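For reference, chains read A, B, C, D and E in written order, and residue numbers begin at 1 within each chain.
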């Protein structure tokens, strides 16, 4: 299976690991991620305004690129996934935005939300299958108690993201189980860490990160995993400091025995 | 800050238009405020956004701290039983401010001192998108 | 034909049937007409050849009312109509002795004329016993030969098959003459723009002179009194001063036979103006097949027709607008 | 011609409504004061299956610009099965009208329950708007019927 | 030619404010056939009707057109008036110029013009009206009640007391319904079982009442006064006539781990079971899905221990066909599933429960024997939080748009009972509004606050956060304080919205009774006919029509019973004369009409006819007027137009079309 891949700015920079482990794991699991050419930054925040067109165009370009290749579009970064998925929904369902965006872009054939946007985790769950992953795990992460930190962007708004139950998600827990570790379910796993405001409102972000990490620790998690570079940064920077945070792809790569390759 | 929105009803209409939210659907249950992780930092609380828009008191909303404290985490959007989506309203108000007033919450000059080694690009671009025109 | 006549005489003689419904020669070599024969002698006038296109099923409605059985000669495609009439209680199966007559395709004299053949004095090669590959036409301008196929009725090019759906015995061989797609013409029209379709039907239907030949020939149009002749709908026949009249008449006529029409093609065969009336019926048949599953009226005498049955998840009428 | 074109076009629209659901839905639209253009005139029939294609053709013949039929939702027919037959009949009729080149927006079927006053009003507004966009029905009108 | 009178109603200002009634009078007066036209303030009033009657007498009117409200409102009124004046009532037509005109248009000129056109259509129709005589049909003096909860029981009792046979069909093994699951009832705090059980016993003992439990309605045909219903009596696997109800079978049954539906799955029951102690009938049923004997063929313990020899593994479903004159629907409700409200941690924590589960916990026969305990660890809760409006008043697809009506009151009840029995427990209720319309209801709620110290907080709960120590944190709004609260709780009770029983849609379809988008059955008129379905002979009892508490349910059940009795008391019903009729001279006898008739009202006869001198025997369609309901399906199927519908004839409808398109 071959997917169009949208890495996003952070994965080319501060979150290189997230990207590298994802690619290595994909190879081990037998699917291919083909980076789309000339992708542009998604903007990091989905422009909520119904009259915002320009800020949605970079996403539409990426989506259209995948459509032209006839591939599903895969992302690893939660924020990029969120933005792409929501813009795609607009292009599919909101007449006004679709018309205006197409008028602007003047594509050969108008883009109408045809591309299927998938998060890497969704590929693992729906295309590869967690049972299949379990079979391919060479270093089961036995004995590790891992808390999944979902954050907001993957889950909400639930209707559009259609990723998992937004109030009681299970995909990352199933993922953790597939790697041979024990998932820790804690109530703050879908609460916001305050990543977006961490630049100016440090104290606020600190409060929020602490709440999340204290809750996870309370339920005896040894570590957290996340799919979002911003959450990663924020939890590390503004959290309690005594709970390690990893990208989910790193643990995947480790369990699949391809982590060393990446380190090289 | 002496600048005011000429016709307040117009500004309210703009907010409704940008957000696509009908504030009249609100039944004042307060679930948004019960949900909001930034509640304590806000001067105008999420459930009050609706009333401000309804009353056309956009100036107060524009001046509020809440505008910049909202995390865009969509928790209120997800849980609102009436499809009112206070998060969308506040986002629209924020856009109105940065667009029409040229009032950037964050200027380019301020940024370097806020950065550290690990700051991801994502945070920078999102800050730009959220806080300035 | 001789075999047919011999058998008919036999059946008359032994009292199985009281009369024979077949064809006798007309005033021209190509216009045999339906006729009853009640004696062995009269059967000498009996003819059956490539020009006996007329579907005799409908005549059995009246024949069913007569004393005794009627021997009726039905071609494969006529038997569909007969079945449909049984289903609708219009003919009495017990009153009919059906001889399924062979058919190798029926001829359209208009097609011959269109080839520029005039002054026809005689035609051979169209007997049931012939192989029906070539027609030999003697005219006042000399003899001509044309391919049988080229003179066939449109309906025979889309023949439903050489099997008789109902019969008591079969005499003569049949040939499958299908060499075209039944819905091709309908599809061609469907692909046109609405204005073009409108213009097409405007042109065709404006030829209509409301002679009612179609109605009279149609085995499904068997109402004792047509709605267009009754006061029930205030639709009693009026002079045609406007195109709508024809549209209304032909749409309603097609609608009334929708799900019952066997596609026997008599309407187009008898139209003196050459209007392709069968297109309306074919359109309904095509829609019925696509929307509700393939259905051939007259294939049996029991099943419920598509307009008197339904499924819970039939397509919505909006489908017409959706498909554009 | 040019004089006629300047005349404001007010379409004639006939709505056949079944007594049990759609007519009641129209009543509810009325008592809820949900407006729709006055161009729509409703004819009450016991059931959508009472609507004969001849009625629809007749309306067009007499100069109607649009004909809409409303009935109970499939499965909710007061007479159990009436609207299922109506659905087949109208599907075929509409398809035939489309086939002979009549704009298919001039006919519509909508299922409206007694509780759907809002839907009734919305449907009529949409339909009228559609008919306005199509303009006068010149293709089916019988000119003799003008008076 | 008819002599037609047109009567235009002002309906106060309802019509007159938008429609120029004088103009309508003036315009319609000119129509062919119209010999009289007048307007009046209220046509439906006595005085208005008198005007019609007078005009009929004075002007020898043969047809009446009333331009007024919907015929669904006053057609019957005006028909009766005409009848009084000696005119056939079916010579009256209504032009609906209120609902279809004045109420939806603003422009007077436009509305007036439309009113005139609608009147013209009605005039055109009257012109072709023919006097009709209603027929008669017999009434089967027996009622069917679908559902054996308090609504069904009450309706059945009332009908039976009036002297008619009643059958109750209950899907579950016992009657009793939701009310049997309740512990106490508001606003008086009686024990639910104490007031329900006598009713159940009375119903069971009543000589006119026949109860089919563990049974479902399978098929309904016919019409008002003469329904034929197939009831599927599911195999109980126990012979009701032999069983003594000793209960040994349940005790000895080795398959004990099956969720106890009666206790909302909070504990388990055996595979052969009696749902609850007061069950009627007191006969167990084998849950074949969980029974070892049925699953593996090996076991048969119950059969061995049954002294009465009542166990019958071979029992089959039985179909009972019965005729009824009236049907009462009392299918009740359930609470909505909470899988879309995971922010309240219902699926994550055993201590987050629904109010109905709390009823079972509080009940002496419940899973905790009536002790208020946390289901997770059996400890007594110290802080209980109630959350109101969980899934009610929601405009998204997660919940229901309506107010469930009973939650405010039962929550006050729960809060009060808990504070009364366990005074050390803190009780907080988060509410959006407290809605207590009802006799002694607000007083009841105030007692909870004032006498029992229940803490009511205005605001909704955003999230219930399970803690590592097993307690819960509740994050909520206090809107009056403008605060976000984080409150400790060890039990959270959710007032989940109620919704109509899942089966009601299927039943409504069988009955051809209309149903709304929330699956509540629609009443014939929201205000004036609240217990009748628009489908004649179908009556609505209890929550199947809309959310209700017990007193309201019982009141409505009684009202539905009275309506049913009113029907059963008649020996004959006059039937709608607007039936189909076949013109024997036009009929082809083709049988197409019979194919589409839903009532089997069309048969065929070989009949001698004289068709303009031609005498012959023809196969002719004949309509049974008692069976025909007048849908008209046959009329469109008939190609020759032989089949026509009286009151809605082809020519009449065409005349209306012509009048509108004129």
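Note that contacts are C-beta pairs under 8 Å (C-beta built on N, C-alpha and C of every residue); 3 or more make two chains touch, one makes a residue touch a chain.
If you want to know which protein each chain is, UniProt gives these names: D = Hydrogenase iron-sulfur subunit.
It should be emphasised that the depicted structure is a prediction, and the values quoted were computed from it without experimental measurement.
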Touching chain A and also chain E, the following chains: B
Between chain B and chain C, the fewest steps along chains that touch one another: 2
Chain whose Cα centroid lies at the greatest distance from that of chain E: C
Most remote chain, CA-based centroid, reference being chain B: C
Pair sharing more residue contacts (C-beta pairs) when A-B is set against C-E: A-B
Inter-chain centre distance, chain D versus chain E - centres from mean C-alpha coordinates, in Å: 30
Geometric centre distance via CA averages, chain D-chain A, whole Å: 50
Between chain B and chain E, centroid-to-centroid distance (C-alpha), Å: 46
Whole-Å separation of chain centres (CA-atom averages), chain B against chain D: 46
For chain A, residues that touch 2 or more chains besides their own: 166-167, 191
Touching two or more other chains - residues of chain E: 343, 463, 596, 637, 650, 654
Junction residues of chain C, two or more chains touched: 227, 233, 307-308
All chain pairs that touch each other: A-B, A-E, B-E, C-D, C-E, D-E
Sites on chain A touched by chain B in the complex: 8-10, 13-15, 41, 43-45, 47-52, 55, 77, 79, 152, 155-158, 166-167, 191-192, 194-201, 204, 208, 229-230, 232-233, 236-237
Contact footprint of chain E on chain B as seen in their complex: 25, 27-36, 39-40, 45, 47-48, 75, 79-83
Interface residues, chain C side, partner chain E - complex: 65, 87-90, 222-227, 230-234, 256-257, 304-305, 307-309
Residues on chain E engaged by chain D in the complex (per definition of touch): 70-72, 96, 98-101, 103-107, 110-111, 113-114, 117-118, 121, 508-509, 512, 514-517, 522, 534-535, 578, 596, 598, 629-633, 635-637, 645, 648, 650, 653-654, 656-658, 660-662
Contacting residues of chain E [partner chain B, same complex]: 343, 389, 393-396, 398-399, 432, 458-463, 475-477, 479, 482, 484-485
